[in-house]
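So that you can tell them apart, the chains are marked A, B, C and D in the order they are listed, and the count of residues begins at 1 in each.
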């Protein structure tokens, strides 16, 4: 793969923005000012960044309960994501949705989701629409290892394969669904191998290696755009924190395991790799870190200042017509 | 495999009984005296006969909408099955169920089913119960090719595999679900190959060869009883008639295809094989044919004479307590 | 939805049109017209392509629109509805045919959690122009798994439209409205009505949602019914007429939105209310109508409300049991008559 | 089910017992007792093993009963319920924990088509002693996918029992009844109640299905509520008492079967009825109670019935919207008061 400075820095920037966003969201949540529940993506940033770097604005993404990273990478402004987490009017859904219900048609973002499986068939449906309308768009569905033992995964992958839909199924296998280890939920712990059941290409990739993800996704997107059908991509990764804020995430995972995965930090890894390979300079990264810090600080200020929606609007827009 | 005369004749008898039953049911249905809809099993008899010959009375079976054969082979008397098809009190469910809702706890028969997927998880659940109660029972689920693209198939096979349940999943792949060819419903037309997705043994067998089915099922049952978990078995077969009585079954299938499969008649095949191999004499088969004819004639008379349940009982037994 | 017109007086066979057609033809006609008009509409379901549908409900459409727009699916209701939602979000206008209404349960999670909420939760940014088509109810002893009529589930959920047409005229007009609406809608036909004949105007028309039809005017008692039960209501009204009891039969045509005004106006005229429903009483459509009137027109009632519904047992296969459980014209006559003795 | 006892008078914190416990402890206690007593009971669900449940609703059980009887499952609600039905048919007594009630939709087909019908359709030959456990309702802004209360769906279907306890006492007593019953039952707790405290007798007792509790006697108006809404009803009653309005608060405790007699008796005494429900009004529990009274006690009513329910919009995440949509004590007070002006 030909690695340009521009590519490296844009992937870095995407990951750094997610990392900074999540840490800020955590801080606000812990201060008691954020309603609801949030599921943080720290440790898994390479997947959102690497996959979405291969997409156009018009392409579609569906996401899971752990979806801030996907929303940011696809282009919803950090201000609007953070305000949405607050249930505030400045949020991308006016505060109606919160963390697990982020939507933005302007960037093809078909929603984070409070339910585990639905994003998978919804992405396949968006791909079907693209195919019927002959727009060349592709759809990507992000979901966890917990989703792959669910019936919707099976039905959607089968239909996507037989109809050759332009969709990429990205499994973020972080080894646990809540506290259940993947190996307790299935006998076949290779998600990629399951693609064979649908006669679809299945790819396993290091989920903390943003360049590898970028490369593999690029190939899958090209196949999809050429009309050659779907791909299942398994990205092996790990969440640093608990399942949601409030879960320490330590009772079912050893300290060593967590530490080992922190050593594989995808953000630091790209930076070190880039410096070692001479793709970019230390100053490049420092500048981005600084930009991202102020972007997220601004997002937080915006979100905290954004008022709650007016109660009188609560019955608006239940229907279009 | 060691083929005894006793085995050959009992397998033959089971198949002949199903064949005769189905033809009689068809006759009654066509005479306009039978309510509802029936799905006939003619052409597929070897599967019910061969699989269930490996089971004990205590073992469990779940079945599909095409389930008369399974019910008879598992041991529900032909009289009671035929009367049930009539909605008559003499039926195994007192007429409440009809063809797609045959139940009989005395022989472990957990139901034919009007819905395509549910028999699959229900069988896995019966196997779980057997495992928990340490009874050594196994469960078998019969379902069509149409069921394997459904989410319940996926969820149940995954759970059966990870919990090592004593269950055998028997797919009767007759190449069509209603009028939809299997190859239009999925890209991967090998059902047996899908077992790999669950890390479960997958076996493909000639569904019109009752001895092969008997042998393969025997091995799977032994594995299950030894606590080594589930098996997926794909039996390749064909239905001679339409999807249900009333569907001629000819608009989506060529005459040649139907004819070719009729040449593979599993009943005649066993008979010819047995005669050629000297396992039995012509007279053995003639005697069985005669017995079966009178058994089914008796069942038909019984069913046609059995009255409808009294309307006043319609609200009984909605609850146990 | 703002009501655009007041209720209409319309018997099962009175309209200006001379043209007659069947209920199943009416649906095909609506879909054909709309698919010709709007290239974004496509249709998916089991056996709806070359076969033309289990109930012949898509006959001829595949010949005209081909494999791309008439898509046969595997037996995967969950994915059918899920793909439908995704396609609707992306700008298509899918019709997902579930064939037997019972099997919508396999995908109820997606309708209730996703389709009904996305417009609202996205603050109006997304629309879900999805039509679910299905055929409910019993016909020729379909038994416990193929006879359900639990359309009340979808009335309970904000964000969904539910149409339950009784006539060819309304099938065509309501299906067109559903296909032009940007809201998710369930279009629920009745299996036993597919061969029913009635006026079927050839010219372009729609029937708005939320507008009841007064199938038969009357003054002594109001009888509410939808779908197949409308004809039973009319039969019963006919019989009662001979006894001097004048029954007003109202068919709401859509149950979400529900035309409350027409119901309340009728009750304020008659002072008596019965609801006839093939579904169970508990938390059903009949409960909702009774509750509505007990909230908004209690003072108008001269007698207790009656619900004439399927008796609370699973749908037994046996004809003798089934006929007892499902409301018969006889039972309707008896129950309606009893409101006048109250 | 035959009613074994008449309704009981029982406030949220009046019983003979001195022992106090939480709602979540009460459930664990019931399950522990019954699992010790009956080796056929086992429990499956997501995160209910070593973790002890998302709501701590199985804490300690895995330590005692181990992996075989406390089974963590994949995210596969359909198979969980399907395996539960199969195990029940084979003689086990499974508890299937769905955790968030919302996700029962993923398996509603199996409950409605299979579990509810098999005893009846098999002519009484099979029994399905399956308990579905789940936690409903909103708590700390759980938003559109985690706040549902559509228990009315299961009231609509014959063959299912539905318990919706409001107190620790009833959790323990009703769960024991469910676990000893041979019928499929949904045992639906409320997320916001798990930490609620109340009397929790240590000794053996059960609470029968179909027997309401009169939480507060009164004479001017009957207010029906279940689950979390009982405490709001009592708060409102307290406030109204100060205005001289005496509210009788009735908690049916199970909605299927529903204790009609207690409700009708109360209405015949007060002449006024309001139903408070966290669920939507349309075809909900509140509709059923209103319909029941409009059928069986119309003449007793001195004022229109009121339904005080979630307003018809998806469960918005934003606290300001959510608080507006879900009935508040304020709203209850206003609505109940208005029945006395009617």
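By our rule, contacts are C-beta pairs under 8 Å (C-beta built on N, C-alpha and C of every residue); 3 or more make two chains touch, one makes a residue touch a chain.
Quick caveat, the model's predicted, so the values are computed rather than measured.
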**Q.** Chains contacting each of subunit A and subunit B, listed by label
**A.** C, D
**Q.** Chain separated most widely from subunit A, comparing mean CA positions
**A.** B
Q.
With contacts counted as defined, which of the two, A-D or B-D, has more C-beta pairs across the interface?
A. B-D
Q: Go ahead and note the Å separation of the Cα centroids belonging to subunit A and subunit D.
A: 37
Q | Gap in Å, rounded to a whole number, between the CA centres of subunit C and subunit A | A | 41
Q) Quick one: subunit C and subunit D, Cα centre-to-centre, how many Å? A) 31
Q. Among the residues of subunit B, which ones contact at least 2 other chains?
A. 94, 96-97, 101, 113-115, 149-152, 155, 158-159, 162, 184-186, 318
Q: Could you list the positions in subunit D whose residues touch two or more of the other chains?
A: 73-74, 76, 78-79, 102-103, 109, 113, 120-121, 144-145, 158-159, 312-314, 316-317
(Q) Which category does the touching pattern between chains fall into here: line, ring, star, complete, or other? (A) complete
**Q.** Residues of subunit B touching subunit D in the complex
**A.** 60, 62, 92-94, 96-97, 101, 103-105, 110-111, 113-115, 118, 120-130, 132-133, 137, 139, 151-152, 155-156, 158-159, 162-163, 316-321
**Q.** subunit D - residues contacting subunit C, complex
**A.** 102-103, 105-106, 108-109, 112-113, 116-117, 120-121, 144-145, 148, 150, 152-153, 155-159, 256, 279-288, 290-291, 293-296, 298-299, 301, 303-307, 312-314, 316-317
Q) Which of the residues in subunit C end up touching subunit B in this complex? A) 46-47, 50-51, 54, 72-76, 78-79, 102-103, 140-146, 311-314, 316-321, 323-325
Q: Could you please specify the touching residues of subunit D with respect to subunit B in the complex?
A: 1, 40, 42, 68-69, 71, 73-74, 76, 78-79, 81-92, 94, 109-110, 113-114, 118-127, 158-159, 161, 181-183
Q) Which residues of subunit B touch subunit A in the complex? A) 149-155, 158-159, 161-162, 184-188, 193-194, 196-200
